[in-house]
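Read through the structure below, which is laid out as structure tokens, and then see the notes.
Think of it as A, B, C, D, E, F and G in the order they're written, each chain with its own count starting at 1.
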Amino acid sequence: METVLAFVIGGLYAAAIYMLLRRSVVKLLIGLGLLSHAANLLIFTAAGLTRGRAPVVTAGAPAAVIADPLPQALILTAIVIGFGVTAFALVLVFRVYSTLRTDNLDRMREADA
Amino acid sequence: MSHFLLNILLALTWAALTGGFTPANLLLGFGLGFLALQVARRPLGQTGYFSTLPRMAAFVFFFLVEMIIANLRVAADVLTPRWHMRPRVLAVPLEAATDVEITLLANLVSLTPGSLNLDVSSDRRVLYVHAMYADDPELVRRQIKEGFERRLLRITRGLEREDEP
Amino acid sequence: MSTGGVTSVVFGALILAFLLAFVRLARGPSLPDRVVALDLMATLAVGFIATYAVATGQALYVDLALVLALVAFLGTVAFAHYIEKGGRSWRRI
Amino acid sequence: MAAKLHALGSVQPPGVITALAILFLIAFGIKAAIFPLFFWLPASYHTPQVEVSALFAGLLTKVGAYSLIRVFSLVFVQDTGFTHTLILILAGLTMLTGVLGAVAQYDMRRLLSFHIISQIGYLLMGLGLLTPLSLAGAVFFIFHVSVAKTALFLVSGIIHRTAGTYDLRRLGGLYRSQPGLAILFLLPALSLAGLPPLSGFFGKLTLIQAGLSARSPLIVGLALGVSLLTLFSMIKIWNEAFWKPGPADAAQAPGRAKPGLLLPTAILSALTLLIGLGAGPVMSLAQRAGTQLADPGIYILTVLGSAP
Amino acid sequence: MTSFILTTTARLLMPLLFMFSLFLYARGHNEPGGGFVAGLVAGAAWVLYALATDAAQARRALRVQPQSLIGWGLLAALTSGLIGLVLGYPFLTGQWIRLDLPGFGAFELGTPLLFDLGVYLTVLGVTTTIVFALAEE
Amino acid sequence: MIIASVAAGFGAALIAPVVTRWLRHRAGWLLGTLPAALALYFASLIPQAAGGSATTARLTWVEDLGLSLSLRADSLSLLMALLISGIGALVVVYAGGYLKGHPALGALYAWILAFMASMLGVVLADNLLVLFVFWELTSITSFILIGFHHDNEQARAAALQALLVTAGGGLALLPGLVLLGMAGGTFELSELNLQAARIQSSPLFGPALALVLIGAFTKSAQFPFHFWLPNAMAAPTPVSAYLHSATMVKAGVYLLARLSPALAGGPAWAFSVGGIGAATMLLGGAMALAQTDLKRLLAYSTISALGLLTLLIGIGTPHALEAAMVLLLAHALYKGALFLVAGAVEHETGTRQAPLLGGLARAMPWTAAAAGLAMLSMAGLPPLLGFISKELVYESAFELGWPLAVTIALTLAFSVCVSGVVGLVPFWGRPKPLERHPHEAPPSMTFGPLLLGGLSLVFGLAPGLIDGRLAGPAAAAALGAPVALKLSLWHGLTPALGLSAATLVLGLGLLVFIRLMRTRLHAALRPWGSERVYQAGLTALNLAARGLTQLLQSGYHRRYLTIIVLTTVAAGTFTLMRSGAFNWPAADSPPGYYELGVALLIVAAAVMAVTTSSRLGAVAAMGAAGYGVALIYLIFGAPDLAMTQFLIESLTVILFVLAFHHLPPFARLTTVSERAGDAALALAAGAMMTALVLSAVGVQLYPSISPYYVQAAESLAHARNIVNAILVDFRGIDTLGEICVLAISALGVFALLKMPRRKAEGAPTPEADPQAETGR
Amino acid sequence: MAAYLSAAFMLIGAAFMLIAALGVVRFPDLFMRLHASTKSATLGVGCLMVAAALQFESLAITTRALAVVVFLFLTAPVGAHVLGRAAYFSRIPLWDGTLSDDLRGHYDASTHALAGPEAPRVPLPEEVDEEQGA
């Protein structure tokens, strides 16, 4: 499954990067969203996969095999921060568009200052 | 509805007494409690509870059956290559008046035979539905009005509406 | 008890359903069609979670189903909100 | 992190770790604006309000640089021959491109923004050398650059407020009209160029000592050349904004800045001088930090020693 | 959106969702849930309400400024850290007390719960701030 | 006390503007008392130093870097310190007259005093790094002083040039000093000078020597760095007199002398120092002849004298060093005086052009007297100090053979000629018509040159005042061994005396024909100016900077992103390829078919997000991918993650949907080939990431700490959900930071949406857009 | 017993889910797809939840499972309603085989108010400005 997921991650990255390279800012936002999926999945996979057991200690007896909690905590943080970033980027693009009336990144450079 | 609460309390007591909070035991407790209340209906005073609850149960049962039938019809249509449906968008006059009633009715309509609630007119007197098998629009209207609306209203409006239909 | 066999059949059906829903998501043709597909996918995920809980015997996943059931609805409402507000503008997309 | 280090040090094949290290380098490198990933910086730093960019200048890239220092002194130390050489090369290129970018600018804030990049190069140099002394230099540098850069951005803000522009070609005569401001500019500017006895000098001196003891003359030479170019571009600001006679049209006669505006700048400018004059204690702090960074064992001991 | 069906449903669902979020928060320490998820669910409740009615109405219904929720959340999280500090432990060291309520059994109260509450409030505030602001556009 | 003497200068610099506002141009007399007092103090240290025991002081500064503030006053230091403080006093007084009424006089005083203190620091420092600190301070202060007339563009350019050259040299000096310290094992000069053997056998010696020499040569205006000095004549004359003849330019010479015990002895030293010195000496002398501007003339002649000093130090014999020390003193006295005289002349006549001046002796008798004394000393005529120093120079030169002596004699003949042009012709030559009627300069301006000229005479007549007490021990310090110097006016009939006579004759001859030679000489020496190299360098630098910046900062964000991605892919692929980092995961678990289905779903959704032409379709696809990812979390034991992912996914979709009301539809803005290129790049990046994940799978990042968390969760954190325990307890600070980030982003969103739309018209104002003007 | 019941419910649920998905793919217009997704999928999930409840036999789980079912029964139709209504506004075409449309012409395009069936039909805007909107 690790192999499969590796390819999934590669696919997500490729899609995200392709979208990031578009000139339309809206596509860039989509790319950003995909990128965070890819990154989270990357950490998740690289840290090792454990089927089934959630990292919850059943009262009294610790389970024998449980998923590694630390990367999970890490990814949880990453997901939520990704949300904040996406929201911010979205609104930024929104403001830029309402100010400049273009969604073409290449045309935004004149307003660089 | 205070009887309903009482009934639940009784069920909980039963479960506590028997020492098992399993669903089955609770259900049993509820049933026994209902019986107990039935027995004690006089001291407690007359309410619509004892007629509403069975009616409610009957309604739920009816609804589930309708729903399964509806699904089977959809399934049949999905699984066979030819379309059998005769869709229409229909206006169904409403008797239900309160927000909750209309909402409930609309939801139930959506979940059951071949009809899907689209909207309610702004004056809340007409329900527009999309019906899948509506060769005869009047039949659909009647099904909704007779099958659902009446039963629903009987429950929500309790005793005073009981003799009305 | 053949729970393992049953759940794997159920999983298969659900995944098949997922992919079918995705077909609708990809084909459209209109935005509401896609939304229906997405909504269905969420519902399927709820089912998936329930099945998963049964398959692994871990009850805690049922809560997940609850969260998801709520959330799927929200997405649909938001999309509908957009479609209605935007009028026919989606067609210009 | 301590545990991470244990794990990475013992079991893993170094190749993958190195690849991971490179990705970390790129990720934090974007944040820290190192070559060739610094594009976002000059374009963005001069966009917001000057107070904001002053804060950003002091802090933001330093966060990236700090992360880099943390990760590359603690975790990714298996293949230093490759990773840290790469960091050194990047350090050199970052310094050079940053300072050349600054030299080309005529907008004061853009110019200062580019200097942020070149200063990051110095930080990287400290990291790339990876000796206690060089890390101390990097730590000291973070401290120094934060102060000096913020002061400079604030000065540019005051100039904008009083003279109405950031464009060096349209500025002038400020030495005469605001001699106090001139001093407030000169101190951090010269500090940035690494002239003694200001804070920047000691950072530079540390890095040079470290570089020479690590037998890396090339990066030392580059660092020195870049500091000359830094001086050059700072003097450019000085010449254009302060010494050059003011603009011909007297309509834009620069006003004087209010004391309230000058005070924070004055404090920061004085701080660069004080850090320089009192460099002893600051440097021994930095030295201790550098020693700890260079010897992760201490860190592991502190974390794991107290945790379980 | 003017569908009163949706509005009615939203009114019905809101308390439900809110309860559920509290539930998730309360047992987050022992089973999946916790401040993040609970805050998101509570946020979702308000988002639903904002979508079903409009942002202004939701804002009125919320009664407090979403931004101040963020502030309170951060404050709560900080306070939980400071408690440990005051008692002479490192910042954010968890402190627990055991409450024995007759009839209800033992409860454990600790600063991590306060911290989690801070997370909850912050996430709720963030979600509502962003969505309300966007919906008002 | 020594430390206080240095600090006093800086302190005086701070109060100088205040004092000047109070006393105006008379402030010079008051401010001049400080350097004068310092001079007396240093003079009082002479006997002790001549006895071999230097006065020292020490403060700790930055011990971690081997930098302690240690000062040491031996004879060599005292010789310099006396010059600095003594001439400093005169210059301060002089400046009051010269710049009477100038609004920035106070600032000038401040900077001059600061410079003086820095210079004292240089010569008194006993620590290489402290020396460097003060060395750079002199560069900065001299920069400000040269640019004193900063309204003048030439002055600004000259100041920049001087700073770049001297500070650039300083930047060479710094690593040189560090290397030297490393080679000698100490940064303390007095200890270092005892380590000559160790240093010279060190592999660091070569680079250290080269770098130190570059530093010294730039400061002392040695060829090929000499060009900044004549340009620095844009400074006010007192500054030129002080910095550019008596003190700062001698810092390089001082450094050479100071370090010669440690560095001298080998052929490298002799040839580089001696060779450069000789070249500078000749070139400076010859170029001086080509000048007409009095100050430039003096500047070139100073270059020449500095070359001679360098040459002598390069020779390094006891006699040569003795000669160097006496010459150092003599030159400071006469050249300082001549500069001040030139300033007085300019002040009174309004010009510095030698050909326009003549017959001023009648109008300015005191100035003329001072000029005469200085001129005679410079020409090397008895009974002045210049004569004694010249004789010593010749004698030491003869030790190395007559060709060297003759070369020096030629240079000194140039010097004789220059002294005539500056000190003789303007005063006693044929009177010329002048625009302004000259008067005698004010006493503040005649006092200095007269005193300096007088001292030349006094020391010439009574060389016993300096030989055994000052010059001798100074030479001993430079030599690192005792010398017995006995100076006298009359040496007897020696070859040196003959050569002196020849020099004089030749010099006078040149003076007669100078007008004929000037232009031709000027043209002939032009290629040696090396200033054009500097100018070309500046131009090239600006061009390179602009070109590079345009290349790297195109302003197209997409291009930046492309570069970032390219860098990542290239670096990642490279590191994966090298040392066989790539390998298939060892612990690959066979995938369940429904897991495969989920994987397929994610990939399909990603593909759809890319290919769809409907933006909300893309959002929906992104949501589908998110659901898939959440299912993966679910399957692999992360219910918290799955839950959060589901929630966030839906909220994100809602945000997009809400914002898309106001956003434009997808547009296809790129060409097919652009898209193909991007796609290739994206696929490469994806492949790289795949390879990375494949290799990294099973790299257990946290194996030793997770079990700890698992065990501690219930006991320490009172929690059974370990993920939550980690979030709110073990790594609470991270979470705190995280919610802060969230809060900031939310407030950012709020601010962005609620802030007033100022630039709604969309056109950035030209003010705010510097790029529009640079045409980029 | 419970296990077998649970298995049966699961299979039924899965079947309905599959049918829902098939319906969403196969049905010719949006509204019929909504039928499929609302009815079949909700029922399918309900079955699966019941199966889970049967499997665990604990009050807490049962309550939650039932909560999910109730929740879905409450929300799915509302979702379908808002979507269908919105779709109608954006003039998603009905299937050619649709026999009649009572709703047609009763929406007020600007206020989104909906009149009863007795109100006169308003000529549809799209018949006028079909091409102008683009």
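One rule holds in what follows: contacts are C-beta pairs under 8 Å (C-beta built on N, C-alpha and C of every residue); 3 or more make two chains touch, one makes a residue touch a chain.
Every value quoted in this text rests on a predicted model; they were computed, and no experiment measured them.
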{"item": "Path length in steps (a step moves to a chain that is touched) from chain B to chain D", "value": "3"}
{"item": "Highest C-beta pair count, chain pair", "value": "A-F"}
{"item": "Chain centre separation in whole Å, for chain F relative to chain C (CA means)", "value": "68"}
{"item": "Inter-chain centre distance, chain B versus chain F - centres from mean C-alpha coordinates, in Å", "value": "89"}
{"item": "Where chain C and chain E are represented by their mean Cα positions, the distance between them in whole Å", "value": "26"}
{"item": "Whole-Å separation of chain centres (CA-atom averages), chain A against chain F", "value": "48"}
{"item": "Touching two or more other chains - residues of chain A", "value": "52-54, 56, 76, 80, 84, 87, 91, 94, 112-113"}
{"item": "Set of chain D residues in contact with two or more other chains", "value": "43"}
{"item": "For chain B, residues that touch 2 or more chains besides their own", "value": "103, 106-107, 117, 119-120, 122"}
{"item": "In the complex with chain B, residue positions of chain E that touch it", "value": "2-5, 7-9, 12"}
{"item": "Chain F residues touching chain D - in the complex, by the definition given at the top", "value": "60-65, 67, 107, 129, 132-133, 136-137, 139-140, 143, 147, 150-151, 153, 156, 160, 163-164, 167-168, 171-172, 174-175, 178-179, 182, 207, 541-542, 544-546, 548-550, 552-553, 555, 557, 560, 563-564, 567-568, 571-572, 575-576, 578-583, 692, 695-696, 699-705, 708, 712, 767, 770, 773-774"}
{"item": "Residue ranges of chain F touching chain E (in the complex, touch as defined)", "value": "639-640, 643-644, 647-648, 650-651, 654-655, 658-659, 661-662, 716-721, 723-725, 727-729, 732-733, 735-736, 739-740, 742-743, 745-747, 749-750, 753-754"}
{"item": "Residues of chain A that touch chain F when the two form their complex", "value": "1-24, 26-27, 29-30, 33-34, 37-38, 40-42, 44-59, 62, 66-73, 75-77, 79-88, 90-95, 97-101, 103-106, 108-113"}
{"item": "Complex contact set, residues of chain B against chain G", "value": "21-24, 26, 67-68, 70-71, 74-75, 77-79, 83, 85-91, 103, 106-112, 114, 116-123, 125-126, 128, 130, 132, 134-135, 137"}
